[in-house]
Amino acid sequence: MRQLKEECGVFGIFNNKDAAALTALGLHALQHRGQEGCGIVTFDNKNFYAERRLGLVGDNFTKGKILEKLPGGYAIGHNRYSTSGNNLIKNVQPFFANLHTGGIAIAHNGNLSNAIHLRKELVKEGSIFQTTSDTETIVQLIAKSKRSKIIDKIIEAIFKIQGGYALTIFTNKKLIGVRDPFGIRPLVIGKINNSYVLASETCAFDIIGAKFVREVDNGEVVVISENGIDSFKPFPKIKERPCIFEYIYFARPDSIIKNVSVYEYRKKLGASLAKESHIESDFIVPVPDSGVPAAIGYSEEVKKNIELGIIRNHYVGRTFIEPTQQIRSLGVKLKHSINKSLIKNKSLILIDDSLVRGTTSVKIIKMLYEFGAKEVHMRIASPPIKHPDYYGVDTPDKKELLASKLDLEGMRKFINATTLRFLSIEGLYKSMGYEKRNSSYPQFTDHCFTGEYPVEPVDANKKSFEKEGLSFLSSKL
Amino acid sequence: MRQLKEECGVFGIFNNKDAAALTALGLHALQHRGQEGCGIVTFDNKNFYAERRLGLVGDNFTKGKILEKLPGGYAIGHNRYSTSGNNLIKNVQPFFANLHTGGIAIAHNGNLSNAIHLRKELVKEGSIFQTTSDTETIVQLIAKSKRSKIIDKIIEAIFKIQGGYALTIFTNKKLIGVRDPFGIRPLVIGKINNSYVLASETCAFDIIGAKFVREVDNGEVVVISENGIDSFKPFPKIKERPCIFEYIYFARPDSIIKNVSVYEYRKKLGASLAKESHIESDFIVPVPDSGVPAAIGYSEEVKKNIELGIIRNHYVGRTFIEPTQQIRSLGVKLKHSINKSLIKNKSLILIDDSLVRGTTSVKIIKMLYEFGAKEVHMRIASPPIKHPDYYGVDTPDKKELLASKLDLEGMRKFINATTLRFLSIEGLYKSMGYEKRNSSYPQFTDHCFTGEYPVEPVDANKKSFEKEGLSFLSSKL
Amino acid sequence: MRQLKEECGVFGIFNNKDAAALTALGLHALQHRGQEGCGIVTFDNKNFYAERRLGLVGDNFTKGKILEKLPGGYAIGHNRYSTSGNNLIKNVQPFFANLHTGGIAIAHNGNLSNAIHLRKELVKEGSIFQTTSDTETIVQLIAKSKRSKIIDKIIEAIFKIQGGYALTIFTNKKLIGVRDPFGIRPLVIGKINNSYVLASETCAFDIIGAKFVREVDNGEVVVISENGIDSFKPFPKIKERPCIFEYIYFARPDSIIKNVSVYEYRKKLGASLAKESHIESDFIVPVPDSGVPAAIGYSEEVKKNIELGIIRNHYVGRTFIEPTQQIRSLGVKLKHSINKSLIKNKSLILIDDSLVRGTTSVKIIKMLYEFGAKEVHMRIASPPIKHPDYYGVDTPDKKELLASKLDLEGMRKFINATTLRFLSIEGLYKSMGYEKRNSSYPQFTDHCFTGEYPVEPVDANKKSFEKEGLSFLSSKL
Amino acid sequence: MRQLKEECGVFGIFNNKDAAALTALGLHALQHRGQEGCGIVTFDNKNFYAERRLGLVGDNFTKGKILEKLPGGYAIGHNRYSTSGNNLIKNVQPFFANLHTGGIAIAHNGNLSNAIHLRKELVKEGSIFQTTSDTETIVQLIAKSKRSKIIDKIIEAIFKIQGGYALTIFTNKKLIGVRDPFGIRPLVIGKINNSYVLASETCAFDIIGAKFVREVDNGEVVVISENGIDSFKPFPKIKERPCIFEYIYFARPDSIIKNVSVYEYRKKLGASLAKESHIESDFIVPVPDSGVPAAIGYSEEVKKNIELGIIRNHYVGRTFIEPTQQIRSLGVKLKHSINKSLIKNKSLILIDDSLVRGTTSVKIIKMLYEFGAKEVHMRIASPPIKHPDYYGVDTPDKKELLASKLDLEGMRKFINATTLRFLSIEGLYKSMGYEKRNSSYPQFTDHCFTGEYPVEPVDANKKSFEKEGLSFLSSKL
């Protein structure tokens, strides 16, 4: 069950006659990274064109009519994840601005940890912000840069920002990709015929038949122009430290990171979990669909059958909002149903990929007991989440994270499982192929489990801003 | 992959203060039976109220506002499956008519095989039809009946109609359920507190916490009133002969038919398939999600691992229509992607529940080879479909059914599989718990496999009507 | 100020390649007869096509896209007047039905005074009504007729109905016009090139450049086919008795009835009013726009200037509904404003064409005094309205008609005018060109002034139906 | 006939509990100044709230629901006139920005003649524009001002801008009104109870019962706060020179300028016209509704009757766009119809308030002849328009102004009138109450007649911008 939310997917393509259609397809493949809104900006060597929509790519960008409004051989696109607020279209990216040097379009995955600080300074100097997005801070910084070349303006801007970010930018007939110094957020380079492509994950290449070229390095700025790819590394060289949640949670199972499929990583997490904490039972039940790969790895490890004890309702529409109290009181049954003749009087191992607030687990376990389960052994294929994120993962407040409030036995009681086990940090790093976690400089950005943040979260105590800020999003200015 | 389409799900509830909300939930649980439109009619002891919408229940009937428009303790509801045509709201059920005896609302799952014939006669006598639905024929027959009691009017009407049908009717403070003489289409009775409920499948009971009471018998008319349930059996007694596709295809895995879950039936189909035609390979890959239960049964039978070799994209929206030629040429990749690092150089058994036109299999197998599969052994957990249906399953024309045109080797070549096997008719009946098919009076309506139709399809050669008829649906009158 | 409402305008055209576009224009010219909805049905020698919309013709039927959906050389159209209810699209005409003899489309201006009575009988025999419109009663009667020729079916139907009606019907490649025995509702025949045209008023001919041919006689059925016009007069011959409100109220000023423009009739009403009841004052102020022609006639008669003392706001949109209490309390000022520097300390004659409830006059006179008027002498260019109509004019209930409750002095006090005078019945008939009213058989249907109804209003006491009936219109069935 | 277009109406109210509702009413009264869009921004002592809509005030701001979204006792509002472009909502005012000093909302009537010049400079310095509106230039200038007090920031900004402008601004709990140095665009101060009100015309006071206090002087900045009104006059003192078109064309007839109603001015223009160029004829026909006040003045002067020879169709909806070629070829008949029995064989004087392109006159005169008019003597109650405007009147290009291309006889031939006369410049000034035009410093901004512009139109030759600029408005960025 998805309880953490990724902030966005990005895509860009250089010099291809089907730029907009291929971008729509790439965004469709990245849809799991954000479902609230999507947008595409194209350039036809003369004008920029933009279409932004609330909702899914497949509902908005698949008709010939809209693609005709997006002519040109250059495009960048963006998927936005879901937040509250009713008038959000203006926060849908890519953003566009007419600079002195010409038009610039920008799409951003990640989160700046000092955006509020920078924004206040910019406003003081007369910049007018139109959105509450931290991405606009980047655009305003570029606009204010006194450097003459656009690439220098961008580098001046990224020297000021902090946090996790992967950017695709189109300006001055250049497609530019940027990844933050730690490489927290992902960005990969592909090629289709002679056209270079940028995307958050490789699954966006497969859908259009593009070939994977390489990952953008941490702290790298790649500039794709008619002369090919130029690479700039303006930051001091440090080792990469990518967000561990891409592996265990966000990326699509068929995406490939460092030559291994995400599906394989997750099966290994399940296998390690089995090694650490298997218990006898009648069969294994995955929480659909998030727990399935780990359950398969677990099942193979212990030679115990998987059964579909929980059926997911595929028709829980995106607009299944504002239910009545009657419906609300029925809770998770809208999304899941129990295969009751299977479950009855059985002891089962319930597997999910993570545990955030615990609310979904509470409901599912309650349903399993209602339909006759005898024992429910909950197994989580990642460590307890105790700390919030500030670099692009939409975690709840610390006080809503179950593992930050309760110890293991407390959590077990809360979700009412017969037993509860998490994967250990050691198991996590081993599953990823490391002997152990490098405690002086961890191989991954893993602060949600460990509390060790790679970058000081400057804005973290400025929570008051969020309320202020959100006022932009609605009609309340 | 869904290529056959069920015609509709029905629901009814008697005397419950949350009638409309519970009906919405029941329809949500039956959503897999029809996604085009949905409607609810309620009665508050004085007036009838109706709301009908295109699209999903969860997108239309979950807001308090709409439920407020549906007051009263009595309700029936309907899910409609998807057809073409742009102005279909008037074909969304339940239908309502003001008869001399008072209002009547009716919801219908199934298809009449002599509706056109009857309609022509009614029009000749001055009946004005407002829709092209065969359901309206039933309403017009009831309206024209000279019998004085409403139950007699209904019985007079069902004596004239032929085909497969399960009806929920509300009129004169009675909730009436009707099932055709063969019991081709399903209808079950449940109870929540003191309120009787009717539904196409038991999964609609689980979502609201209703208890299963019994199935409506084939040829039975049940009349639920304040005095409880009355049962009428106006037809000569024959054995039931339910549609086999409910077991292998339509019903939700967690629905229960004759005390066994549909999931179990499908696992048994997979196990039988394994017994009949297993072949050595590296692992088993189900076509998601239709092939999963059979793949689990197959896997358990042969002790071979399942792998998620094909990933389904959950964001292929309902409105993913009218793609451009570019997008169209990319075909099934919109819906599925291949877990390529897993598949590469592997020999695999690909399992699906049925094969209709073969077009989806062609695309999936092509993708598997593109991403490096060495061998693809296709296994289908049901027999070849050679004959169209006329009783509520929306099969393509005979000439589009792959198995009616090609022999096994022809089909194998067409889909380009290394090997191809179907479950045998014998295996099918055995999986259902019978020793063998009773050839003189088969236990199931199975003409799609065998060509043995339970009822003469009277209208079958009147295909010209469809074009005429469809003119009603659009603005072309 | 419009307080009475006409029920609808009709149009029909035979064999013209621009049938739908010309019908749209004709309906636009007849827009004053109904603004709620409009519809056009066409026939292309093979199929019927229908488009019906809520709102104005000009907002709905002027785009090429919609006209492309209405191919064919034959068309009828309808304007519907505004009522309450939220789901009215199904009551928008023309109505269409597929009869045994083929499709029939019908558009109706008027009101049947025995529709409820007939409807009940039809329902008893099994007819299913889809609307609450009396027009559907006509369609159902035609459908049930056992006569073999369509013209005989229509004549059989109109022998059963009573009231005021003007119909345009298209069926079997014939355009048929019908006017009730008294000719209460208007219908005229025109010709454009070789195509005959039917319309409620001649202004619909002017807009498309058609020439006026003649009026349809009272009680006449005209059948336009490829052989030209046939005329049937199935009823006993009686003198016509058209509705007087067409002259003084409904028809557009530039329409011509009996060779005289409606504008001229209204100027004469104003002149007669001046002769009967002129009083000294500073100038004449018409209530815009309804009182202008009478004011011009009055002004010419007494050689006194007209001034625009009241300015009408042209932007009071059709959707100016559901105002807040604050706005509601400001009342008529939304629609009118006072030319205050003109009015101040002046004595003025305020002229309107009729007085129904008196509410608008109350508001206008109050505003005039607020802005400084010294004396307001109200003059109404028609007699007091004391009786409701049942033949197509949407009058309020008798108890809301000011003149049915109060005598002249009572009305004067109610509206707070300095003096108040109405045109006399004698003045009315003289203005129309008659020496006097023929009391044994009045030249006009004038029961609203006199109480003498031409036809017994059978349904008048069945008001309960209306509530019942209206339930059809909304989602409350 | 409206062929020139005003750019907008503005409104503001300080400290009134019904601020939003009263602003909606004020904008409704000012609707003639702009029908494309409308917006209201309110402040509730804590937050700003904004609602902007395409279309009429009466269609958008009269429902309780929307007013509930606009809480607070302070409001400004704006009506926008109609232009082309499909995605214009972002150009609908009032504009809002979050400055360092707090939120600021601004509504602007007029046009800056150096906006492009200023905009280019601002962009060069890093300002990002979101719209193509010259109003945003004002906002950006205020944002960039280094002055510390908001009033000083505003004064610094208006020192840079040139052209005609009337602004209502709300910021820092102050309602600020600004009028350009010449007072080209109008702005008046009213009071309702204890709340000050600003509006473009006095008619906005009448609708809400506010009393007129005084006009804002040319070049004056009024600051309304809890301490009452403060006045600043930052510019060198010059005589006012208001736009003459407000008197003869834009302002509502019941608005009062310098103690005289606009209706009176227009009657005097008609009377002067009669004195200058009367000719014998049967009667006077005004072009509705623009020519009516002048026709009344003319009629009184020459004692000749007015007749409604041309009937205006009130149902030409706002969305009467995109007609088919058939309908387009029928031209002006959609808007007007001829009272043909009146016109036939008559000689008539046709009066309108102005002549711009001449296209409407061509159509009307053609129709009059078609319906039998013998002679049509066209009389225009203002001088020939030979020069375009740059200060807020949307005139066509010079080459489309009929009087800039043809002499009097040429124009007469073009519109095919029997005779044609315009009011002289002398007659114009006399009608306004002046002995004669002060040629060294004209009493009015009258360059459209005379070519004497009060301010150099800096941007006039930068027409290329408009195309560039408009790219913002559509999806083409």
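Labels A, B, C and D are assigned to the chains in the order they are written; within every chain, residues are numbered from 1.
Criterion: a residue touches a chain if its C-beta (ideal position, glycine included) is under 8 Å from a C-beta of that chain, and two chains touch if they have at least 3 such contacts.
Note that the coordinates shown come from a computational prediction; the quantities given were computed from them, not determined experimentally.
Under the contact definition stated at the top, no chain borders both subunit A and subunit B.
Any chain bridging subunit B and subunit C, meaning touching each of them, is missing here; the list is empty. Taking each chain's centre as the mean of its CA atoms, B is the chain most distant from subunit D. The distance from the centre of subunit A to the centre of subunit D, each centre being the mean of the chain's C-alpha atoms, comes to 51 Å. With centres set at the average Cα position, the gap from subunit A to subunit C is 63 Å. Subunit C and subunit D have centres, each the mean of its CA atoms, that are 37 Å apart. Listed for subunit B are no residues, as none touches two or more other chains.
Contacts between chains, counted with the stated touch criterion, involve the pairs A-B, A-D, B-C, C-D. On subunit A, the positions that touch subunit B within their shared complex are 18, 21-22, 24-25, 28-29, 31-32, 35, 55-59, 62-64, 67, 203, 206-208, 252-254, 256, 259-261, 263-264, 289, 292-293, 296, 300, 305-308, 311, 313-327, 330, 333-334, 337-342, 371. Interface residues of subunit A facing subunit D in the complex, by the touch rule stated above, are 41, 47-51, 69, 96-100, 103, 105, 123-124, 126-130, 139-140, 143-145, 471-472, 475-477.
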